[in-house]
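Both of the next two complexes hold subunit A, though its partner changes from subunit B to subunit C.
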Partner chain A sequence: MSSEFHIVVCGSIVPDPLQTLAPVDGPTGPTLQNEMMLPAVLDPWAGHALYEAANLAQANPGSQVWLVSLGPKAKLQQVMMAVSQKAPFQLVVADGSSSGFTDSFETAKTLADTIEGIADLDKSKMLLFGGWQSASRGSGAVMQMVGEMLGVTEQFQGVDKITVGDDGSIAVMERVEGGAYQKSVVDGAPAAFGWATGELPEPPNNPQIGMQNMQKNMPALMQAKPADLSGTSLTFEGVEVPQQRRETRVEKDASVDDMAKEIVEWLKG
Partner chain B sequence: MSDETPRTEMETDIVCVGFGPAAGGFLTTLTRGLMNEDGTPVAESKAMPGMPPQVICYERSDDIGFGVSGVVTKGRSIKASFPDLDLSQIPMAHEVTNEKILFLKDPTGASRRPTAFKIADKVLGRWMEDDAYELPYVPAFLEKHPGMIFSIGQLNQWVGGNLMGTGMAQIWPSSPVAEPLMDGKAVKGVRMADQGVDKDGNPGAGFMPGMDMKAALTVIADGPVGPVGQHLDRELGLPEGNHQREWAVGMKCVVDLPEGCDWEAGTVLHTIGYPEPEIFGFLYVYPGNVASMGIFVPSWFDNPVRTAYRYMQHWMMHPYLWKRLAGGTMRSWGAKTLAESGKRGEPFLAGDGFARIGEGSGSTNVLTGSGVDEAWATGVQLGESVLELLKDGKEFTKENLDATYVAKRRASWVEEEAKVAEKSRDGFTKGVIRGFIGMGLSGLTNGRLNMPGDPIKPQDRIPTIEDYYKGHIAEGEIREIRAECAKKGTSLHDALMDRVGWPAIPLDGTLLVSQQDALLMGGKVQAMPGYGDHVRFADPHTCAACREQVCIEACSGQAIYTNPEGGTPLFDREKCIHCGACMWNCSKSNPKDKERTNVKFRGGSGGLHSVEN
Partner chain C sequence: MYKLRTLPGDDVRQIMWRFSERFDFQMAVQSARSIARSVVAKLVAEGARNTHEWTEQKDGLLTAFDQSGLTALFMDPHQGGFIEGPKNFALSLVALELSWVDAGAATSSLASNLALAPIHEKGTPEQRDKYMSACVPPQPGEDRKIWRGAFALTEPLPYIGVDTGVLCGKATVADWKDGEEPMLQIDKRGRFITNMDFATFVTAAVESNDDRIKGTFMIILEEGDEGVFDRGAPTLKMVHQLSSTRDPILNLKVPADRIIGGYDVVDGVIIPKYNHSEIIGAVFHRTRIPVGLMSSAKLLSAVEPVIRYHRNRFRGGDAAKEGSPRYEKGIQSNEDALQRLIDVWASGEAGCSLAFGAARLADDFDAVEKAKEEHFEAEGITSPRKQMAVLRKLNDQVVELIDLEYTPEAERNMARYNELKDDTLVQYAYMEALAGILNPGVKLWNTGVGANMMREAVSLVGGYGITEDCPGFLMQKWTDIQLEATYEGPEAVQRRHMTMTMTSEVFQATMSAWGRQMERAGKEVPGLGGYVLASAMELWQWTLNYLKSAKDDDGRKLFHNKRQGVTFPLADALGWLLGPYYLSTDVIELIEKGPMSPTLAEGIDDLTGFYKDIAHVQSARAAGEVSRICTELVYGFNECKGECSRDDLKEFQALKAKVDMCMAGSRNAKDRAGNALTEVMIPEALDYPMG
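Up next, the complex of A and B:
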């Protein structure tokens, strides 16, 4: 038997992980220098959630996937042209900052409000997906709050695998300390899952999927409404990045022991 | 199994390969004219009846803004497309305010200077500031004022964003095209690169054959090393007398200038003379105390250990520049091959079902050192022509494209100026002094007088390392250095340059960084998994016998490296920045195609590029 899920993936863009980020003071608090110029990617944690969602939807006919993104729509448009080739989804956009300096509660509220606004969404079938963490200095708390705001109390964090049973129940493997997993079973939707890395590789680019996606998603980008993040009381005393010392060597075949030894030496030095 | 996976096929009306300035000009012009004022399309799509013509553009890199270069240009064609252009709307753009040509003296004693340059170092010394002599005027043919400076990456993002906003064209990044779909001499569309293959292209797990996108018109705008343009050149040849034998690699970086730097936004510097007489430098100052800078290393720089990265560092450390750069921070880095044959490298511009625009179509003006303006202009010319043909209900045949696009191009300023420039670089084939004299002669006489010279294939002019260092390092010592480097896996060029007196680069971790660090600064460092290697060596035996292995020394990303077991060099596609320099930095001909070198540069994924460089 297959289950029909309405899978909502929360995920936005982050600067390419190897960018050198420079926080600067903006009129409304800290922001990233040249944020609109930095190469951006889909947050890797959200990416895992999206690929898992697409895989789950494919295995359960009748299921749908929405990707809900809070981010600057001009930048989102660029990134989505690449992401949309990897998995079928409908994009829902809240046009706002994805700098990582926004209040987690305000971010969660915006995402929850945006999800509430999805016309065809049946919340009784909803699986709320997102990253367990974010590469954008996330607090790791947003997905929990989004779930609570939407009344989803079955929540799992650090998820690497879910298995849908014949009765529609979902077995979940969550990461816990010491490299171990905690196994749980939830009766079915609605439930929230903060994904760790999952088990799926990044899908190949499929131009056909991309073209199907963007026919629906370009209007969503065009019509994106500005996100209201004004309710925050969060203030920053100061923001700085760690001092960096770069001297890179690319080693592909070093042993784990050698790498550990070198890191220890580096830390000592 | 995997090779039974069917190849999918789709159809569109117009498919464009590569998104750079030429495609920007083409798509901007085309999309503006596809709809009538009453909201009806000027023509009906044949691929999707009832809709306006469907236009798709494929870009190999992961972002449409990954064009690599800072640019100074008169921008005539761009201004014509955007008469109300407000440069403040494009990040890192500014009008040219101050333009200088500097002759840089050799402060190290290691530069290989012909006598004339040594004399110039001495004679001009009394007028030099920080070992640099400012030429009293910029010759008109080189002058870009009034013009603009900008980052191609940022221009592409701006243009691409506007285009996508119209809904009349789709621009797809992360979409490498492998080759054109040919039917005799006609082009019927393009084939995307296969996925789920091993490094040699053999199908593996998750094999997905590249999709065929068929189209009535294929627009080839994939630049000087693009796979579709190269494929056509191999299949169709070049017009009689034309060849593509002159190249250069431009290695560039964007730098946050130190506080107190006295360069103002809009400043443009061109340098000659250092680190080697054949290497040109450039520096453009953007708003916000940021500058784009770098060097050009041409194919007629007869040095088999031509490492652009280290030469760029020596150039930055020249006293005139370092005085203002010390304390700055490298923000991003990149490199790109430039087609330096100009009009002489022009391929067949149009055929049944295809047209070629931009740098790969030979539009770059090699006298004025201008390419973006010309590339955009050729795109506009094709855009106007396609609209005419669509409105008239005519097919995209060679005859119709010749009568519209090619005719427009021949009657344009691009062609007129290209003719002036055609022979302007010939002198460089005989030496750097004759080259400079030749450029001056061509420029000042409007191409009526030119310094003669015969363009030679790059692989036929690269000397052996022993010949290049004759009189500087004994053959036996070179042998020892080579063996030592091979043993340690270190670069030969560094060891040889150290040996002949180039000072060590004092890495500071911010502006003077290792080449591997530069690779990681400001760029994107992912090549999609599942694609094959796009750099291949045509004849492994030729590589095994090669003692120069210029491909390793010249590789901008250190992606090609020594095989510890000897023989064919190894290639790490995750580090390749797709500059294409390996294609012409090879000292051996392909045994099966003597016009080309033994390195094949094909379509592939990835490319470590910055969106602001």
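Up next, the complex of A and C:
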């Protein structure tokens, strides 16, 4: 038996991780230096969720995928030129900051409101997908709150795999400590999944899918409403990039064992 | 003083190269980029270039192209592609993205299109549908092998090379039964034929060796045809090793309906509809533009790795203390290193602006060219000579259109402008002359001068620059660029093409209009370098006109197609003018549209400040080159009389002095631009692997 799912993936953009990310004070709190000008990519965690969603939708005919994004729409549009080639989805946009310095509660509220506004969404069939973390901020809190706000209380975090059973139930593998998995079974939709890396590679670009996506997704970008994130009481005392210490030594012929030994000794101090 | 905040991203390019509204093009960019920076870069880093053979590893490229839509890019949607309308611009973008990492990969992606181009341009509808569809990768559920093509024009010595007139490829009638399709025996040997390791069909240029066939033509040969389909020896090339090149030996029996464009039978003789020159003319008209971009892409791609190398040069170990200028700035504390990189960057920008300008024109020209053909067909004017005569009569209107085209909109007589623009033949004549300069101009300047500039880029990385593992593969790029200057017609061919059009009244009117436009830009966009470019354009035009009537001391005419020593340098000089002109117009576009872009608005003055300086630097460099070449030509064919004065050349001297004075500010521009490189934010690491 196949199940029909309405899969809502929450995901936005982050600065390309290769860029120099330097926090600076802006007029409304901390921002990243030149953030608007830096190239952006789809948040990798959300990306895993999206590819898993597309795969699940394909395996369960009648299913649909929405990508719900809170982000600056001009930047989102650029990123969509790549992402929309990967899998078919309907984009839903709330135009606002996707910076790592926004309040996760406000972010969750905006996402939940936006999802509530999706006309064709049947919440009884809803699987709420997202990243269990974000590359711009690792609060790990947004998806849980979105779920709560939408009344989805079956929640799983650090998900690497879900398997839909013949009866429509979903077996879930969540990451727990020490590289182990916790296995659970949920009866079916609605449920929320914060994805870890999942199991799928990034699909190759397919411009044909991209063109189909953009035909319906451009209006979504054009009509995106400005998101209201003003309710926050969050303030920052200070922000800085974690200091990295780098001590480089060039060794040509060190064996793997020697390297491991040295790392262990270094860790022990 | 401005500060360049980041390296220009897609949003800047989309405005400058005018494809902000074309999502299909933007997607093609993303597809190509993701392949370039993963599959392609990995191949280069792993040393896949170190063999002449087409290996399984290299073959992975084709699969990647197939999967990501690049193979089908050339096709129309009904044939399995995804872009409606002309594809010159899209193919150019793909060439740029792939060559950013490795141009051999770009060649591989474009070569099948080159094979298809004769069919696309001049083939019968049946030929077009058959071969275009066969070259689309199979869709899920389809069980067929994808076809790939090779384009075989060049022949073993002493036959076809630069000179495409003397063919050794021969065609005879093998069999011709009454009422049946004649069977032809085609004997073609190719040299340096791209894609030959895996091509399933070949579009070959041959000449009749039989009274029953007339002249030359191009014909489609297939792997399964009866006879010899020997792929031949691999070319021992030292460049573009991610493309396949061999010297095939083909001797095959094929039906006459494979003649590209079809044929008629008149008095028992097969008369091909198009001779091989007509077909290659139509093909190369377009395919040379992406080649030029391959070269300019390399120059732009060198900027980031060179900055990183310079900045980090003394970091690590105890060579410099953290916080010291030596540690923080590295080689960037030296003005020369910064400014030479600006030269490389400005050349890359100019080449790209020019090539994308040419690609836009090629796309627009497609429809106009077809409309012109339909018009003449309807009027029954079919011979090229008669068509030329009709077009020549329209010269006044064409010149009027050109004047209006380059008049600012507010001052333009719109009614008249639209009237002329809607006139197919007038529009055609303007565009044709422009394409006649731009297409060879891109190929000549971007690749030839680009090769010299690439050497400059390599030298900025010192010894590392000439190693296999230099970040950005600069050494490989330096050598690769020499092929781009060679295939699809070496520089001599492009110079010859340019000399054929550059004297035309229509192109001269265009050049005059450009001069006025740049003069205006000099006034309205201070710092762009409009004046110096305008003065160089005027000098070039004056020189051309002078040389047309001037004679050397022996009384021999100077401007003559037998005197390449006069005509070719003038074409070189024209080549120098094209890039900065198109770059300047692109910078003006950025100044106009940039502030409306939400992602650029914040830093737009910084960005346009930098770009104005880059354009200025390039215009000044071009003006210097033009001035040198013109001076040599104007003075160089008369012996020195020891008087150090030439009163008959006062006008030239005045124009030249003007060019000199218009250099004002150009070195300040270079100072500023160079300085900006010390602050610009670059990524922490290159986004593709190194050797």
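Please note the rule applied: the second predicted complex is superposed on the first by the 241 of 269 C-alpha atoms of A that agree within 3 Å, B and C clash if a C-alpha of one lies under 4 Å from a C-alpha of the other, contacts with A are read in each partner's own complex, and residues count from 1 in each chain.
As a working rule, contacts are C-beta pairs under 8 Å (C-beta built on N, C-alpha and C of every residue); 3 or more make two chains touch, one makes a residue touch a chain.
All figures in this text were calculated on a predicted structure; none of them were measured in a lab.
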Could you classify subunit B and subunit C on subunit A, in the superposed arrangement, as clash or fit?
clash
Go through the superposed model and pick first if A:M222 touches only subunit B, second if only subunit C, both, or neither.
first
For A:Q85 in the superposed arrangement: first (subunit B), second (subunit C), both or neither?
both
Is A:P201 contacted by the first partner subunit B, the second partner subunit C, both or neither?
first
Once the structures are superposed on A, label A:A180 by its partner contacts, choosing first (subunit B), second (subunit C), both or neither.
neither
Return first, second, both or neither, reflecting whether A:P72 touches subunit B, subunit C, both chains, or no partner chain.
second
Steric overlap of subunit B with subunit C in the superposed model, located at which of 96-104, 114-122 or 474-482:
96-104
Touching subunit B and also subunit C: which subunit A residues?
16, 18-20, 34, 36-39, 74, 78, 81-82, 85, 204-208, 210-211, 214, 218, 248
Per the contact definition, I'd like the list of subunit B residues that touch subunit A in the complex.
8, 10, 62-66, 91-92, 154, 157, 160-161, 164-165, 167, 170-175, 192, 195-196, 206, 208, 211, 213, 331, 507, 509, 513-514, 516-517, 519-526, 528-530, 572, 575, 610-612
Listed in rising order, subunit A residues that touch subunit B in their complex are 16, 18-20, 34, 36-41, 74, 77-78, 81-82, 85, 201-202, 204-208, 210-211, 214, 218, 222, 244-250
Contact residues on subunit A for subunit C in the complex?
16, 18-20, 22, 33-34, 36-39, 72-75, 78, 81-82, 84-85, 204-208, 210-211, 214, 218, 248
Any idea which subunit C residues touch subunit A in the complex?
5-6, 9-11, 23-24, 26-31, 34, 64, 67-69, 73, 82, 316-317, 597-600, 602-603, 681-685, 687
